[in-house]
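Letters A, B, C and D mark the chains as written, and numbering starts fresh at 1 in each.
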Amino acid sequence: MRNIATLLLLGGLSFLLLVITGGLLFGNPPMLIGQGIQQAAPTEVGAANIVTAVVLGYRGLDTLGELSILFAAATAGGLVLGSTRGRSGRPGGFILRTGVDLLFPLMLVAGLYVVMHGHLTPGGGFQGGVILAAAFFLPLLARPQESLDHTWLSVIEALAGSAFIALGLAALFEGRAFLTPLFDHGVLGALVSSGSLPLLYLAVGLKVGAELASLLVRLSADDEGAS
Amino acid sequence: MIGALDMLLLAALAAIPLSALFATTRSGRWLLVAAYAVQFGLLIMLQPATAAHSALSFQLLGNAVGWQMDALGWYFAVITIGSAGFAAAYAAGEWSEVNGRLGLSLRWLYAGLQINVLAMLLLLASGDFVSLFIGWELTSWAGLILMLLAGGDAIRASLRYIVYAIAGGMTVFAGLVITQAAVGSLQFDALHAAAPSLGTGRLWAIALLFILGFSVKMASMPFHLWQAPAYAYSPAPGSSFLGSISARMGLFGIALVAIKLIGLAQLDRLSLVTDLVDLRGLLTWVAVFTAILPTFVAMRQNDARLLLGWHGVGQGGYMLLGVIIADRLGSAGGLLHVFNHATYQAILLMAVFAVIHRTGTADLNRLGGLVTRMPLTFLAMLIGIIGLAGLPPMNGFVSKWMIYRALIVDGHPLLFVATVISTLGTVLSVYKLLHNTFLGQLRLEHEQIHEAPWSMTVPMLLLCVVVFVTGAAPGLVLQYVAAAQQAIGLEPVRYILGGIESPTGSLDMLWITAILFAGFGIGAVLFYLIGGRSRRVHQLDNYAGGHFLTADVRYQYSDNFYAGLMHRIRPWYRGSFEWTESALVSALGAASTLARGFFEQANPAQWVLVGTTVIMTWVMWYALG
Amino acid sequence: MNWAIGLVMFVGAVGLSVIGIAGMLMSNHLFRMVLALAVAEAGANLLLILAGYRWDAAAPILLPGHSTQAMVDPVPQAMVLTAIVIGVGVQALALSLVIRVRQHYATLDMRVARQRMQDALDQAAGVVPPRSQEGPAGERPLPAPTRTIEAGGPHD
Amino acid sequence: MTDVTLAVVLPLLGAFLLPLTAHRGLHWLGMLLGPALLALAALLLFATWTAFESPYAIALGGFAPPLGITFYVDLLGLLFALAVPLTSLLLWPGGSDEAAIRQQSLTLLLAAALTGMALSGDLFNLYVFYELAAVASYGLAASSATGPAFVAAFRFLLISALGSVVTLLGIALIYFKTGTLNLAHLATLSERLADPQGLAAFAMLLIGFGVKAELFPVNAWVPEVYAATGKRVAALLAGLASKLAVLAVVRILLLVFPHDEARQLLLLLGTLGVLSGELAAWQARDVTRMLAWSSIGQLGVVLVAFSLPGKAGLIAGVTVAMHHLVVKSALFLLADRWGGAVDRLKGAATASPLGAALFVLFALSLLGLPPLPGFWSKYLVLSGLAEAGSGMQHLALGVILLGTVIEGGYLLRIITRLYAAPERDIVPPAHRFPNLFASGLLALLLVAGAILIDPLWQGLNTLAASATDTQVYVQTVLGGKGITR
């Protein structure tokens, strides 16, 4: 009975949503700020990847908020799960262990690459951070008894987040608005360009990596470990 | 700068902490009685002829808020402070000591009494709708303090009271904001000036909301259920104070807003479709039914306090009736009845509480024969019930006579008959009260009862003097009633010291009293001349069927009083109002369960879907429509 | 042709959202509810990214020499990036809560968990569960009058 | 250095750094860090408040307004922003073990997010801050680490996350139609949103933000979360977080959707909220859930107030919201030890006379006993409704009054129990001092509000005059005047 009612409501909702979206202009967006950003970004920010210019420049505060949300989720996760829980489980087989050992440096490099080229190519701190987290999580699959050092993770978390804020505050101390990009833009498309954006992305990458790694570690801990 | 009104209000305010401080010692309590005397003196010094303004005034949220007291407020204020003073004196002596030992908080009692007085003074001295509402709400909540003190049944009664009171207060609140929307101001003058030009719809809304709200406090039908238990279960001084004056604040409100501000001419514009029924006609019938039904409910009560409480409700109907008729004689009668009722109701409640003080019960089936043990209390109650029943020469007769007279003169024979029926019920039931308490067989367990202490009897007897004197010389009070009538824009009654002077029929109580006493005197003289002798016998010196009866034989049963009459009218007591009330509460409970069910759904996300879909449908429908 | 592509896209976005919502409502399994949430979020993200799509436009990355080319709106892409990350955080937190719920109540059924929660809350508050037959329906202002002193009158 | 951005950034920084103090014997620093930063943020906002002359905007990152994110600083935003660190300080969880530090971290994050919501002038940024506040409150809701808390937090998370999905759909709709996110820019384009699609977008935003604003019908999480979690958290969520969510809705309503239909929607949902909340509270038999349902009813009044057009509505709304913030926070603090069954409270006044007196004071103000501020807030709402005078508004007026009557019934049920004689000499526990102290402070605030009501109202008038003037907002942000880059 409840399911039928739910289905009816869902049918109604999809119909209404389709009616509403059907009236929208697809593929021809007004782009009021999009156009402006496209024109201004190369000179104002200097990042070849305009999405990065938006993420770290025009909407830098959103990114800080986003980092904070991840941090909040990790903190809340820690609060919910507690942190002193044991891990057990059989170590992985030879292939898994060797594969992990081989993959680990590669993923590390790949992650860092994605992070550092965020202002030039698709990718960036978030994407790279996830790869980094995966890189650190892989060994846990292979050797469940060895735990990642939470202390280090939380130090990286804290410092990376603070670094992001510090870069923003630096602009404030110079008398400009919070999160104003610092330094010279450099040459469009060069690795060292677009001012402080790569630094910001590095902070983002580290923070996301540490955050996700600690979340994954907590989630993968044993049920029997606590209460 | 500080006017007489400010002095009065300040004195009332200052007396609150004093009450809390001094209420625990006997001398301290007498000091507090003196404080009431001071307040009364300050009030008398206030010249009510022209409205006395308070120096206190604010500009609050764009409204000028101030206080002023005209003759109407002054008249009610006299009764208020007087009742409080007598109540405080009644409890100052032994009563407080005994009840304090039993765990009653005397500090709260006396402070609560004083808070009530202050709240009522603020209400009576309101100068605009904001101060009116402030006073109104404070009065409602202050009453709660006195009601809650007794604990037990009183708590349930006061919970019921507060729901009614908040409902009434919120109705007044609605009237207030609608007045503001219609008139653009919360000043009394603004409504008075704008009332003639208001459309009938708005006028209906304003008049009805205010009158309904004030009626709840008056316990007019159909809001009458709360009052008797709420007032009756309060401790003695609280009960006598609340019973005397508290409910009359509603009458004050109606007189002020409906009669003075909206005006009779405007009220008469308010008629239902066919002009057959208009608001005032409706209200007169409400008033009459309020006079009749609670009186007959009172007749059935076996708790003396509740019996009196129900009478209080019924007498409110008389006052409303007089004020709504609003001619020279009727409105004077209604207003005079406020004073008269306050005096005799205070006596009756004090007498009942004196009996409770000595015997520990107010159950009319467990009392009887106390006349020899508590003669002064008996005397007080006798005078009180003569007043309540509206018989000469006590003051209740005068006000009721004026109301009857007005009904006849104005041509309301049906209403007149109805009020007579009510009076009949009153006479019957007050006799039950007197009989079951003081007459008949004394109970064994009450053998050793003594008269109530002087601290309790003296206030009662003083009030008896007031009842008698204002009964014999109603002109003493009528001069203030006439001033109050003028203050609300009615024609003042033409009074003489002994009563009323009018072309259609005058009343001179001095003559009536003189004739009455002359009659008694002649009778007594004749009796003794003929040689009649009276002999004093012991109360237990009885025999029946040739047998002497000992004290332990019950030969007189006071329950099932008026068996024949009650048998006749039993079908009328159907409890429809109680039923309606509990049905409303049950409906509220059902709605509440529904609402709870809404919040305790297994899957909370359901409501996101339902809400979104319904709202989207509304949006699309809105777009199409 | 273009409108057909648009329709497919919109149907996809709306469909994903509605399927996600359906999954959340019609399943009582805590873990599946989290998964359904992810699906619904995907739908919303898709609609968001559609808001910036332009026909015949390139990705908003400046390549040397192509700077004048029409590009899609970069802002929705940035927003979607943010929304995805938010979604990840929320889902991770949801999963940790699921783990804890399972530990405490040994169930993954929403109805059972809710019932146990209600009981525990009622117990902690010292309230008899409302399902009890004796439970009065709200508190009435006055109970039936006591026998010794008859109050109120009209009942007999 | 009096940039209000710091009021958002400092708590964030504190939240990031706080976990570090758990490790190295830095407990004293950890104990101090959060309160110090919150106090600093409050000082900063207060300094901005006192130095305030006219509204201005801050272009974050230094990008010209429609392109980048702006903060908009006006009295309305500042007032709510100022309430955030102050209330958070008052409700600070304290403690120095690991769980306590995490809870403090979340509280700081919540404070930062709520301050951000008060100041932000960008639609998507509002959403991000809203989400941050939401995630932080899931964590706080679960912080008492009991079974019920986990279930309640999970249910809260589900309903809120689903709400966020709906919000995202709404934002996508708006972006489809306007191609911009800046509220000022949207305000100039509000014509484009004056159609069913635009209204639908507003409804979606309303549902999403409504979850935290305890909006009917997406408020089913309220009673269980408040009952299952610590009372300080409940006070924070009911008192503070809900108000900022309402503020976000109001900003959007004022600037982007100045249509009657949108107001009508708000009015309708607010009225239903009053009705459902008060009705449900009538049957509640434990204090916490009674207060929770009552808070739903009160939030309904807030929404009804804000649905009134023009200055009057804003004044009424701000007054009701601020009053509820103070009163409900204090009531939840007092419910910390008294949260159980109403019948268990018999005789509590003898154990904690001050607590009982405070409870009575707050309850009376909630009921609108003049001259307490509750009366004035109710007066402003009701006179606004009477003034606006359509059938729907009169209905809302009636419902609010009916709600007050019901509220009187159940609050008095608590009060009479407090002052009743204890049963079998079981005296309910007295209050912990910090809670009593905090609610005492709030009581002082309430009394001060009652005394200073007229100056406060004058202040609100100027606040509302500028806040309701869309032109000022647009000029300030887009006109290039008063922008700090």
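Rule of thumb we're sticking to: a contact is a pair of C-beta atoms (placed from the backbone, for glycine too) under 8 Å apart; a residue touches a chain by one contact, two chains touch by 3 or more.
What you see is a predicted model; the values in this text were computed from it and never measured.
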| item | value |
| --- | --- |
| Between A-D and C-D, the pair joined by more C-beta contacts | A-D |
| Per-chain CA centroid nearest to the all-protein CA mean | D |
| Centroid spacing, where centroids are CA-atom means, of subunit C and subunit D in whole angstrom | 21 |
| Length of the line joining the C-alpha centres of subunit A and subunit D, rounded to whole Å | 30 |
| Centre distance in Å when subunit A and subunit B are each reduced to the mean of their C-alpha atoms | 74 |
| Rounded Å distance between subunit A and subunit C, as computed from the means of their C-alpha atoms | 23 |
| For subunit C, residues contacting two or more additional chains | 17, 21, 24-25, 33, 47, 50-52, 73, 75, 79, 82, 86, 89-90, 93, 97, 100, 114, 118, 130, 137-139 |
| Residues of subunit B touching at least two other chains | 159, 163, 588-589, 592-593, 596, 600, 605-606, 608-610, 612, 616, 620 |
| Where subunit D touches two or more other chains at once, by residue number | 124, 128, 131, 135, 138-139, 142, 150, 153, 155, 158, 162, 166, 169, 173, 175-176, 179, 181, 196, 200, 224, 282-283, 413 |
| Chain contact graph, described as a line, ring, star, complete graph or other shape | complete |
| Complex contacts: residues of subunit B adjacent to subunit C | 153, 156-157, 159-160, 163, 225, 228-229, 297, 300-303, 306, 310, 362-363, 570, 573-578, 581-582, 585-586, 588-590, 592-593, 596, 600, 602-603, 605-606, 608-609 |
| Subunit D to subunit B touching residues, read off their complex | 155-156, 158-159, 162-163, 166, 195-196, 199-200, 203-204, 206-207, 211, 216-224, 261, 265, 275-277, 279-280, 282-284, 293, 364, 367-371, 375-376, 378-380, 382-383, 385-387, 389, 397-398, 401-402, 404-406, 408-409, 412-413, 416, 419-421, 453-454, 457 |
| Interface residues, subunit A side, partner subunit C - complex | 3, 6-7, 10, 13-14, 17-18, 21-22, 24, 26-29, 31, 33-34, 37-38, 41-42, 48-51, 53-55, 58-59, 62-63, 65-66, 69-70, 72-74, 76-77, 80-81, 120-122, 126, 188-189, 208, 212, 215, 218-219, 223, 226-227 |
| Complex contact set, residues of subunit A against subunit D | 16-17, 20-21, 23-25, 29-34, 36-37, 40, 44, 57-62, 64-66, 68-69, 71-73, 75-80, 82-83, 151, 154-155, 157-158, 161-162, 165, 168-169, 171-172, 176-181 |
| List of subunit D residues in touch with subunit A within their complex | 1, 3, 5-6, 9, 12-13, 15-17, 19-20, 22-23, 58-64, 66-69, 98-99, 102-103, 105-106, 109, 112-113, 116, 124-125, 128-129, 131-132, 135-136, 138-140, 142-143, 145, 150, 153, 169, 173, 175-182, 185, 189, 196-197, 200, 484-485 |
